[in-house]
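Below you will find the structure I want to go over with you.
The first chain written gets the first letter, and so on, giving A, B, C and D; residue counts start at 1 in each chain.
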């Protein structure tokens, strides 16, 4: 279940439309901190590279949305030498992006300077008519967020006089004013469309959440009601422990003295 | 209130020792995501630089603890060209450090290779007798976490045959086997000891939390009970909004259509 | 012409084996600083990703050789979250790698810890029998340097009991002791074997060198002798100027006062 | 001898004004690749931090000049979370800055958006009247390049109605239009003015060049003429070798087969 999936299930619960118990796997640390960030980060870049074979170094990359997926994509685009600009609707996330060293501006401003636009917001019509009108000739548009609604394709088509597929997964839209825009993967998730999705060594953690939560549901049986449950902390931690083990990495453990110190408010203050 | 402060107050609440209402300011996003990470990150490096004038490029820096403070210090040490090794007791955090590109290992292993050790765990005796015995001649020890208990100074002194101050904030401990260890700022928070603490442009967000929570307490008056309260989301957001405004940065707002889409589970799926 | 190409032509010149004039295009700043670094950096990573779909975050990547190609690959692997270890034979380059924040060690040590090995040295048998014997089960081997000689494949085959192609461009070698090693693209340049080579927007600079040097040779005609010539500085600069222009980037120009100041040794000292 | 020093000595040689032999120590790899880049990079940031205690995260830092010093400062400012903009007069260097992920623009454009300006060009009047007129209220100006001529202080004073020292090394200039500009260290090298200069562990390489070139001059005696000599490659390499040794780092050596391969143009092609 994705970020947008969880939001929707919780809304269903609120409206009494949920018929059976669910686990919000996306909210487990061992899922969203890894799959959404490092998985989407790499595979989105990979999808766009395979579709276009562009050089990332020196490009202006506009990342719409600075949630875990957006953070991952911004990090990887910068890691490949791009100049990254972030757009956001949330002030705290926007500030994080600024202090992480990215430029932050409204999308209407970014539209004029960007070479590549990537949407990861979970919302609809993020790139819309007003933006298409400002884009530079040759701008590339990709979505790695939610279905195919983040880029308003029907608004794009309304401005278009000619359309042709120039490479697999790359559609060139010629606008009435002569500019060319390139839409990747028909606006669907580009990492699934043009690449192989997330690597196995990050999906393992997500699928472990699914597997262990299923086991947990079976064990708990009828005690569970139609509701969006959090992944039990023990399952989350166990996945972290197993993943480290599989990578051959060992870590420290708290001493008895250290455990006691953390629980005390009398010593050391 | 710091991470360790909040832990202690919650323990007091649990034990019925809390006499008046409190706000867990550290848990506000506009506090810990900024002050703890970007503030501690920069000022810790700054304190150690002022104390020692070492070159960070090419040094092996051991960061003990990958909470927000540790993340900040690891990021800044890498940003200055250090090879960063993280030690942790939490598997999820350890995995994050690995996937952020750092080495992760037990402190007993890191002890043998580190040039500079920085503790940011909020716990006691993180660097202890067993580690002192393994450290390289010339290793530098600094704390930027919690009081002066993270480095076990009495254990260090028990191994020491001679001690002298070689620069302000730098004490050289000569061990019986001839090795020299350098303890900075007597194991107290090095950013406060040897530098000027966090820059004003990140403390402003923390102090805004204190100010606005105080105002809120006055307004709410007798309705509040002796308990550790969360900072109201409205206050957290307002601080984000004001900070962006002060930096001259504008961001996007959701359209009516986008708000509705986020709340719906019927469209788009 | 590549780094290794230029070395060979100069050797031919020294031995009197050169029959016609040549231009050392690789030595032009507008070629090796860009094509070798940003081009090879990205396309090598891209080739390995397409061949294996591995997650780079958290992997130990061993980069053999810290010339312009190696620097580029190290930078991009780090940019994708890998822990990069560099091996070198040149002390100055090794020191640069250290101060750029990478680990540096002999390949015999790196062999024991690496997940992915990439050779970019221009030399032969960089990864050899002694290394194969130490590699971890599952290690991945790729070359992005020179022909197919950098990984000693016949030495690998001599240790092998079974070999099969597990994915396009991925050959699994099962050794007598049961370990599995994965050789990519038969040891040939992995960016050409498994991806599309360098992106057009960096090859344009290399080809401009070829084109403008050819034009120059025609102009100079018989005045040129069988020798390896440097690319004329005017051509190098002109390519830089044109490339900036094509990207819509403008830069400053020196004032008359500034030009004079640079040439003078009397003022300002 | 610095970059600007070498330029001047070569000009003196050209004009016949040189009276004795000199070694262009700055051109040794073991000097400029380390001292100028990692030394100036860190100590410039350190000087500005000590002078102002600003937070680097989220600031727009304008780096004037992308030579080795400028590259170092840009790298470190980015490493501390700044958004870095580079200004240059050389197209190749400007392109490198772009592909390293920085923004590049004329200083007249950068003047309008920058929070902190750092000059490292070796030239005069880099920041001049036309720029002062565009700077934002509160902009900080520092030089880490050449004497005190890179920022045109007399042009600044001509626009100023009031001047006061607000912190050690920080002079506030109030302009006629009410804006305040902060000049650090009177426009002199800020790392020397407000910090401790370069750390010992990078100056050791520069001083080793001086020492070993002096020894070489004594040995060569009268055979040397009044001329700017290059540092002999053997000295350069020896310093690299010794520095690695002092850091406890070992590297690989070429096998006989590898040496032969590098010199041959017949095998492998």
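Convention: a residue touches a chain if its C-beta (ideal position, glycine included) is under 8 Å from a C-beta of that chain, and two chains touch if they have at least 3 such contacts.
Values in this document were obtained by computation on a predicted structure and should not be read as measured data.
**Student:** Examine where the copies chain A and chain D touch and state whether the two sides share over half of their residue numbers (same) or under half (different).
**Tutor:** Mostly the same residues.
**Student:** Could you state the distance in Å from the CA-based centre of chain A to that of chain C?
**Tutor:** One centre to the other, that is 32 Å.
**Student:** For chain A and chain D, what's the span in angstrom between their mean Cα positions?
**Tutor:** 39
**Student:** Just give me the whole-number Å value for how far the CA centre of chain A lies from that of chain B.
**Tutor:** 27
**Student:** Which chain C residues sit where two or more other chains touch them?
**Tutor:** 38, 57-58, 78, 81, 95, 98-99, 247
**Student:** Chain contact topology under the given definition, line, ring, star, complete or other?
**Tutor:** Contact map by chain: complete.
**Student:** Within the complex, which stretch of chain D touches chain A?
**Tutor:** Result: residues 57-58, 78, 81-83, 95, 98-103 of chain D touch chain A.
**Student:** Of all residues in chain D, which touch chain C in the complex?
**Tutor:** Spelled out, the residues of chain D in touch with chain C are 7-9, 11-12, 17, 29-30, 33-34, 37-38, 87-92, 94-96, 98-99, 104-107, 122-126, 146-147, 149, 236-237, 240-241, 243-244, 247, 249-255, 257-258, 261-265, 267-269.
**Student:** Within the complex, which stretch of chain D touches chain B?
**Tutor:** Chain D residues touching chain B: 38-39, 41-42, 46, 49-50, 53-58, 75-76, 78-81, 195-196, 198-202, 247.
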